[in-house]
């Protein structure tokens, strides 16, 4: 598995298993000179921490980040930033049984097929805890992007069949600070209180039925200037698609109008350009901010479909390692829905993607190669 | 733009613009010993050739491939395979106007923002002709995969609002040879004749209205053994998402149940394992053949949403290079729909992704490292 | 600095500074199924540990390795192996002064020019302690290679002007176990006791004069089958050159006859092929085991020139951060020669290079792609 | 063989065999806006063209470059630049015999071991003609570097035992324009006429004896600012070592004092810093312009050892494909020495390395990330 590194310039390499000594990440290629301390990271990690509501696992992990290298006198030095969270609440007994069988919807079977055996404790490397490294790296990327005037608004669009009705365009018209507060103050990270309540009712029913739910996460990135994204394979949307699809439970990804664009027509779907107050703008944003794989200056809008948590207490059919057909019901402390906790993971992967392509872009014009700062 | 290479082991690097001297690709990392000749490539290229029906551009290009290196005595040598198509039917006058303005829905504006200027003839590097290199490379990948027992079935699921009603599972039950013949013998590459006729009527209406349409392409890959895909970032679905999203007009991508999974429940969405005739199988395939980013042995099922062709003859608002608001209507020989011609491009990118990850997997177990062949 | 990763398949990413919390490495792409425990790593690290003779720094560091991930039930799982050494003996006061000036022969000035400032404690990231991560990764690579029948013999050829007179060919005729014992039982890692004594006298004179010395390290790799190395840029010798030259103090690298080949003739320098006991062999080995960048089955022989330790107690001219010309003399606990401790670093980088190219080679022939193990 | 790409940002991918249809290169990542035409490339290629003196092969190849993409209105567009030379003078009969046996000193045997067979015509992919792609790419890199104030002086230091006595420092004191003219006006590319005559006599003797010679190429790069090179693995010297060692006949590489540094002492080898006319400078340059893998602002000085041409007319021992011991003597039109023609190849690889690391450096400081040009 040499697939543990993401990015070309601003690179993260994650390591660690659910029930090993810890989870970590090495961030390589972080520009020198960024003020950075552990609280910058911790506030991102807290958004994915378990145990914050009845809709997430009741495991208790403080997920306290430790920076091991790459910072001197409070600033990034340009050298690798190694960060780690020690695993704490590891009740291995919860997972004892799963050594012998394959949980439906999990990667148990595929890891065994791939490597010949697997670390079965808590999902091992395929555990959601692996995303801690992504979020820690994403927090740094987001801090740099913030200094460049780029902001992220990421939230839950739907839980099961319950969806907010506001469009991204309507959301962008709201007061961003109030909106962010509203999103982060409800357990489902929804930007609409009444929909959130309906979703909570739906989830409570799921839980009573020993079942689980999925949902859709939407992200809006503002402030990305036109010109970011590398044709023809490292397009902004292509790299974002990979970034988001590399998160465990993602089954779909779309930009702008996405699948709806397929049943639209050219006349409806094209966004007209116009000059407003001396600046080129687009009158609509069906494209979701990307044309030909390059940002066009409009907000970047995307959605990710998250499948229902596969760990459910209801009885399921499966096989054990000897190939025998058996029945199981999965107990332990599982999230009935992972969507809310995945919001910050999606945001982190998006931040890593955008920053990486911004740095890449710095090599794209002869006039950008400026050595005068060095001489 | 250093984004012109796709793949890690079986790599393609594409080059060329719509109205330059030609379009080409260098395939590096092709295993030695594969019988290969130009007809192997040409039959793939013919599937994306323009001018084959009234629903595609009336430009005439034979798109004849020439292999320039990497083959000796009819077999691949393991060294780079360079291939090229010379551009033929380049009526630059058709494109003279677009030097001065930005076409809505095209990459004209974003290329200018990115590089400071652009080759405006026929879309330059953002032209659909760029995909010739992908298809040429994909043809080689598909030939290798065929020898490994892996097959592709790729077709148009919908055109605008007109969609086939058969599920992938139903399609897999049909006779694959008849099915393939049916798909390739209709101008829309649809696996259902009556739906195809309805779609043709819809397209004719679009064309009369100087408008265009999009659609959805579906792909089924059979024969991929369990174990392919590299956690955590080079997951099979993540790399496939990037591969497909790197194709010009793609706005959405999903695996298995995709976005529908988001409103399903864990109980419905989990695929039960069972032993049948001594083999582990999955009783359903909501996952689309991938668990934890690794193939599970079931058919891999995916869909791509293609936006409507942005070049339309109807009047549109835009701006010119001086920032003035203007009205345009785009003439020339444009595809009213690119979905049918994009089918083989989607298939090619999928083949490149699968082969690359299969080669990568050869390093994943100690017992695979076998030097005895060399000694 | 996104340059902290080495390798394509078997990848190491190192992190950490001399006086930070620790030094570490993430190994990604290690094949699953290798029995591995901390003692496998520790015995390599002990060969570079300081304080073992009067010819190395008197700092005391146990350099105890901790494996944080990637091992389950005593075997590698195929997932990233994270390893760390905590820094212990950090007398920052020894380095207080160097914050304000640039030590000749060190990277102080160049790090400041590159990043705008630097972690000046003990050389920060340019410290020799960074090589701990390389040796930890190299120990795993070497263990895998040992299972494939590939062995390393690495030793000090010369210290300052004092050089052993035996050729690599003569060394290969000696009993390898006795030889290894002899090398590792003398403080200079020389394969010849009398030369070692002469070298020790030379070093004692250097130390009395507050001066330092360099030397040449030679490596012999046996058991590499013909066929390893990727034309045209990832040649075995090219990748080995990079690997060795990435070690701090290396100023020269050569393969086989190396620089001497430049004054030889074709007739002398060509190695004749002959069939002996049914096997193709080379009657001589001027090439050092590599032809056209690919191993030829002969032992691979290379040499690295190591510059004298730049930290010396004698008075030197330099400038401070304000650009003022000043005189300094460097005290603290420095190695009068780093060659002996660098031997295992050179061996580690060579092991990483060979293993990476062996894995790469597994994709080079159609017949190697064997999926039957998966099905 | 996926090893045909060099570079991370400014990337070249070479393709082609000695006796195929042609030799080519795709340059990806070239910044947009550089004025470029075929003569910029051709003047570099002419420096490696065969048949220019009696000391090079008498094959006649014009090696005329054709640019196929990436240029519009006389400037680079930022998209891939594809270039090609058609092969012309291919007397395959000269090479008919070598299909059946392995030439000593060549890659015939190793290619067969690696790939199972080989394109034996003229060395196939291991032919010196492969370097045409490198030189074409290097010509573009050098043109960009020239605009950044960076110049190359590359020449033959020695032929066999005949060496110039001037040091690089002495050479740097000469008039650079006169010097360049002198180097390029003699058939051996030596910066000293009398040594050149002695070397010619030596070569004539070699040729009479049906033998061949090697030599040493030296390069001096001026104008590189301090700060270029990426610790810890992509050090400037490490990447340069790989670049130069990837050229066919190179057997040794050194920076600054190189191997001589190994027998020096710290006091002699350290370069003192001093402030002169308000600028930090180094009073000597034993380091060859690189400290800790990062340029220090002094000229970068390096040497490459080139082995004697392996193709000689004298009788040699070898084996054929059936493993039988045979005697051969190689006829055909071979270079008695390749050093003079390799000078521009060395310079090209150095230019590619420096430019790639300069672009990489643009991401190293927060203040370099400037999006204002885009907004």
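Per-chain residue numbering starts at 1, and chain names A, B, C and D are given in the order in which the chains are listed.
In this text, contacts are C-beta pairs under 8 Å (C-beta built on N, C-alpha and C of every residue); 3 or more make two chains touch, one makes a residue touch a chain.
No experiment lies behind these values; they were computed from the predicted model shown.
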item	value
Pair of chains joined by more contacts [C-beta pairs], A-C or A-D	A-C
Taking each chain's C-alpha mean as its centre, the one farthest from chain B	C
Inter-centroid spacing, chain C versus chain A (mean Cα positions, whole Å)	39
Whole-Å separation of chain centres (CA-atom averages), chain C against chain D	26
Centre-to-centre distance between chain D and chain A (centres being mean Cα positions), rounded to whole Å	45
Where chain C touches two or more other chains at once, by residue number	1-5, 8-10, 14, 29, 32-33, 78-79, 113-116, 125, 225-228, 231, 360-361, 363-365, 367, 374
Chain C contact footprint on chain A (complex, rising order)	1-5, 8-11, 13-17, 20-22, 24, 26, 28-29, 32-33, 66, 68-70, 72-73, 75, 77-82, 84, 113-119, 124-125, 374
Touching residues on chain B, where the partner in the complex is chain A	1-6, 14, 102, 104-107, 109-111, 113-116, 125-126, 130, 158, 160-161, 206, 209, 211-216, 225-235, 237-246, 248, 250-259, 261-275, 278, 280, 283, 287-288, 291-297, 305-312, 314, 316-319, 323-325, 360-361, 363-365
Sites on chain C touched by chain B in the complex	8-10, 29, 31-34, 76, 78-79, 144, 147-149, 225-228, 231, 358-369, 371, 373-375
